[in-house]
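Two complexes, one shared chain (chain A), two partners (chain B, chain C).
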Partner chain A sequence: MKPAPLSYSRPEALSGVLDALRQSSGDARVIAGGQSLGPMLNFRIAQPRQLVDISRIDALCTTAMEGDALAIGACVTHARIEDGEIPDVTLGLMRHIARGIAYRAVRNRGTIGGSLAHADPAADWLATMIALDASVRLQSTPGVRQLKVADFVVGALDTQIVEAEVISHVLVPRLTASARWGHNKYAKKSGDFAESAAISIFDGERGVARVVLGRRAEPPALMQRTSEQLAADGGRPSGGAEAAVEADLRSLGVKPGDWTMHRVIVMRALRDMAT
Partner chain B sequence: MSGFGIGASLPRLEDARFLEGRGQFCADVALPGMLHAAFVRSPHAHARILAIRKPVGFEEQVFCAADLAGVGRIRSTAKLPGFKPSDWPVLAAGKVKHAGEPVVMAIGSTPAEAEDIAAQVEVEFAQLPPVVSMWDALKSGASLVHDEWGDNVLVDLKLENGDLAAAKAAAVHTVERSFRMNRMHPLALEGRACVASYDSRLDELVVYVAHQLPVPLQIGLSQVLGISQRRLRIIAPDVGGSFGLKTYIESETVCVAWAAMKLRRPVRWVQDRYESLVCDANCRDYHAKVTAYADASGKVLGMECDVIVDSGAYSPWPWPAGIEGGLAMGNMQGCYDIRAFRGRAINVVSNKPAGQPFRGVARPLSCLGHEVVMDALAEAVGIDPVEIRLRNFVRPEQMPYASITKKTLDSGNYSAALKRSAELIDLPAVRARQKKGEPDGRLIGVGFASFYEQTAYGTGPFGYALWGIELVPGMEPAVARLTGDGELILEVGTHSHGQGHETVFAQLAYEVLGIDPRKVSVRFGDTSTSPVGTGTYTSRSMVSAGGAIVEACRLLQGPISKIGAHLLQCQEADVSLRDGRVFGPRGSVELAEIGRAWYHHPEDLPEKMDVAGLTATAGHKPHDPGVFAYSAHAAVVAVDPEVGSVEVIDYAIVADCGKRVNPLLVEGQVIGGFSNGLGNALYEESTYDDQGQPTATTLADYTAPTAPSIPDVKLEFIETPSPYAMFGIKGIGENGAIGPPAAIANAVNDALRPLKASVFETPITASRVRAAVMRARSAGGA
Partner chain C sequence: MRTVNIRVNGKLVSRPVEDRLSLADFVRDHCLLTGTHVGCEHGVCGACTLLMDGKPVRSCITLAAAADECDVRTVEGYRDDPLMQAIHAAFNLRHALQCGFCTPGMLATAYDMLSRIPDLDRDRIRIELGGNLCRCTGYLSIIQAIEDVHAQRVAKAATPPSKG
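For the complex of A and B:
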């Protein structure tokens, strides 16, 4: 299928993007790598009158340390993260996650900002960024605001972003050298969105213990009891982990048919940390 | 003959153009002034059309059923008892019978413009209760797909033979299994596409179409369009895979052909993947219950089966839906010596796209049937799954063996193939590993599948002619022509859409005439230049067209030898053909000299030459009811009972397709077929919601195996020539697709046995495995 008629612009600077969005009266969409929006346009699920391409804006393609956080430009591709072209502040976690996103062809074009803005619940970055307690920086003509990714995501394919805003950066807190992480996921086949994915992070020095479960249809969930148990276990999951996981799965309302899958994926992520 | 002939693993001559992007598919055909078609499709599975409103200003570019003056309906018939043919309108009229059914065609100067116009068409529907599943179809008081039928049964076939009552009475073991094989999409790399153009000089409608049966399409399309066959030229150019999909008269092709005549402009339609997944004919969609009655040793005395096929809304032309049920039932006894049988196959219609034969055609279901009951029987008797099969196989010394379902199992050694497949996976080592347990908690399982495949169907009496369908294969033709410069053109009526005919057919010519395959052009797919054959299906091309090529080349040997002998001043009996030359007792001449003499210098010809000269036409009629290839598959899987995932960790195939003309291509066929079978077993499903809406409409939801999911198959061959085919060749195109659902299902259930869980539904998805484990656990299993 072909997209419905639309106009296309590719500003060279962020100000041009913000101007275009402001003048669009709500019928413009920002496009970066186009790996999700492209098919939606072709299916005519999305029918914006205007497409504003941010992929050529240099300021959104670079990274910089801002205190203890790495500010990653929204247009940094999964492939650049996979290839280690950005500073590693997560002890290899982001490279590991990037390597498992879809296929290389998707990773070559897909961007971290685009992935978060699209907010597919099963997307790898969403769960990872919530686990890392990362934030997004949203730019609009009036100014800048910053939101934790966990707060930014409202539901499946739904975020707090408003019409005239664009994600400019993703801010990832630096893990300390003693931190550890674990990850496990199950997808029907290589390259698919995960049916179940779990990321666990323990950073004792910063007092961080976070375990996140990603699912196919619901936004990633922070597993409260499991995270507390992980903190209590000092980052080396103990025999108490399983009961905590089960309590979290109950409070998340996981369906009986998916129960064993999510339980074992979280347990494997935790075990991944122990070794 | 060595070198390039039969048995040489010659790399494919056609690959260069495909790898360099120089292939010419329908989407590459661009004609001056070409317009583009887009279709408005039904958003409902079952609804009455109340009104169609064309967008203002586009009335001349938008067409509905009422506009298609002179276009008939697609009516695929069969002489099976009680068979009901469906009336298939090319654009829906009255009511729509499946989501995605075309209702309106819009024409634009670009594909996007055609879609824009289509998007403005308003169609008003009154929804009707849909018939979504085979169970819905059979319910009393069910909604009717075809109002005039009175029920939703397309055909109800029965087959009985032998003394089943006696078998039941004598049985010590009775095992029964029910299973479901869900709907799939054939999923060719290239979607469906066509370009139609009217040639006023020749008064001829030229239709380029991605299709595997150019001549049957010419016949069928001429009937639907109401124009004579001589005015209709079908060109099936390069076609990117088909697997049975591109065999029917597609509504879109009829509409586009009509539009090209009406508008006197070329019109093209190239579907996209979404359209393909929503509206193409689908395949599979079966349920079966199979019962085996056996003596104390596990020897099967009798078998019963009840098959239901969900054929979708319409019967495709030329192969009506009923043949699926007939094939599923008629092969249910497998490679086993069973002397009593009762089968029933009900084909029902539903509000889903038409059902279409797909690589393996119903045999994957038959195979699943006989192999699942064999494993059940092994368990009941308390013996190994290999042993139960060995006790029941038809033995080589019984061949040719007339089966209880009227198949002639002609050659081979089923036991040898199965035993070798078990060796290839190192069965004792796998059993030891299974017993020991995996460090990651996964469960190991082993499964086998042995089956035969009837290939290169003949005319009858127990095949096409018996069914009385629109197209019965008979004599398959070939033309061989030596050119003036001593090279060769072969023309055939089959079609290659991935098989490699341009290579293997040239190898046959080399075998007879000694011409380098690189100097042979193999031509097909154009009804104006190809001889009238019936196309490529039922793993038939090598046997049927291949046979004809050999016959034609042998005929051509006559004049070549005669002219050669004359030029060499020797006896015709003393010459031989090799290396592109004719050799006599003293010296040789190039084939180019033969060509030169015939075409340009008749003064050099011997007297009394046959006027046909250096063009030979021959036909070959395959044996009835076909030739029987077979295989043994062995699967080793690791099942994660918590996640439900299944990984095929080892897979072996031992196949026998008689003489292999090009072993490299045979290997490719088997591995390719295996990939289809793996998708059938574990991944692929065309899903619908309870309103009949397709829910697997992109390749994100319709999961097909990709390279990382496909294991390295250990592949070996046994070469038992068929006594009924030229050079003993048996078909191999579909073989690889038949065994995997059975072998993998048996392996998964072997793995799950300690949990007392089992899965009898394909694809065996993680959620189905988890559900089975959950059921077993709540039933108090291990």
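For the complex of A and C:
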């Protein structure tokens, strides 16, 4: 189908975006690459009266170090991350993840900020950013606030973003040189949304051990026991990992039909760290 | 309504369009370049893939307004392009199209992967083609055609230029 009638604007600067959102009385949507919103417009699941395009605002397309974190402009595309065009503060994890997102034609348009704002639970960045303990910076006319991605996402396709607010940056803490990460995911075809995805990070110097499970319909879950076990194992998963994973899957209430898939994917991510 | 200025296959097109018009409908209905096919219209099938500023994008979920001041290349826009000529020849030889509906998107995707990825192999071609559906299921021939072109390019790069 075709989108319902709408008006489109592309302000030159963030201030223009915030003005447009403030004046819109809630019927405007921010669009960047449009790789999630585009299909929703065509299906008429989303029928905003106005689209405010932020994809060509220079300040949102650049990156900068801010202390120990990399501030990534919300409109940096997956393809640019895949191609190594932004500083690597995650020892290759973000490049690896970007390369596995959908297809190149989608990665050329889709942005990291848009992916987090859309908050599809199966989206790769959501689980990755929670595992990395990243934050989003939200700008509105009254001011700026920053939220951990884990707190920003409140449910499937649901975030704490309010009307007249826009994600300007994603802040990714730098992993230290001795950190290790592992990743695995299962999708029914290459480029499809993952049925199950797991990311594990161990950064001993910073005292970080975190294992996150991404699923199709629920927001990514921190695997508490598995993370503690990973810390106890000093980042080299031991024989105790499997029992910890099963304990986490039980407390997450994973259905029997999904149990083996999630267990295998998490174990593969953990084993991926050891190599 | 708004006026967009989009360079299509090297020619600047200035047209008033509705804000909600997709780039796919812009090239088909306003530029009368119907080689770009609209299949699923929600970014899944890849038939509408074309190059925008040299990069493949889904034109069914990209607004024409968002392509304002961009450079667009459709399947009609490759005349005299040696890489696309080689891809055409390989598709022909390998019978890499049956009904031809997915072909414009397949060609754009093939063109992109061949120019971007120096170490293409069969597995990588399969992954890169994951976003283009062929309902005739003629994937093997398409993969072989792309492999052929890649092999030709590798061989050409390895051959020292003749002195003749």
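Worth a mention:
Here is the rule we go by: the second predicted complex is superposed on the first by the 275 of 275 C-alpha atoms of A that agree within 3 Å, B and C clash if a C-alpha of one lies under 4 Å from a C-alpha of the other, contacts with A are read in each partner's own complex, and residues count from 1 in each chain.
Everything below uses one rule, namely that a contact is a pair of C-beta atoms (placed from the backbone, for glycine too) under 8 Å apart; a residue touches a chain by one contact, two chains touch by 3 or more.
Quick caveat: nothing in here was measured; it's all calculated off a predicted structure.
Contact with chain C, but none with chain B, is seen for A:A105 once the two complexes are overlaid on the shared chain.
Using the contact criterion defined above for the overlaid structures, shared-chain residue A:A217 touches neither chain B nor chain C, since it reaches no partner. When the two complexes are overlaid on their common chain A, residue A:D53 makes contact with chain C while staying clear of chain B. In the overlay built on the shared chain, the residue A:K2 is in contact with chain B and with chain C. In the superposition on chain A, A:R44 contacts chain B only, with no contact to chain C.
Of the two partner chains placed by the overlay, only chain B lies in contact with A:E195; chain C stays clear of it. In the superposed pair of complexes, A:G257 makes contact with chain B only, with no contact to chain C. Of the two partner chains placed around the shared chain by superposition, chain C is the only one that A:G34 touches, whereas chain B remains out of contact.
When the shared chain is aligned, no partner comes close enough to touch A:A177: not chain B, not chain C. In the three-chain superposition model, chain A touches both chain B and chain C at residues 1-5, 39, 42-43, 189-192. Every residue of chain C that touches chain A in the complex is listed here, in rising order: 2, 18-20, 22, 25, 41-44, 46, 49, 52, 55-58, 60-63, 65-66, 68, 109, 112-113, 116, 126-128, 130-132.
Looking at the complex, you find that chain A touches chain B at residues 1-5, 39, 42-44, 186, 188-193, 195-196, 256-258, 260-261, 263-265.
Listed in rising order, the residues of chain B touching chain A in the complex are 111-112, 115-116, 119, 272, 274-275, 640-645, 683, 698, 700, 703, 705-706, 708-709, 765-767, 770-771, 773-774. Touching chain C in their complex are the following residues of chain A: 1-8, 10, 31, 34-35, 38-39, 41-43, 51, 53, 55, 79, 102-106, 108-109, 189-192.
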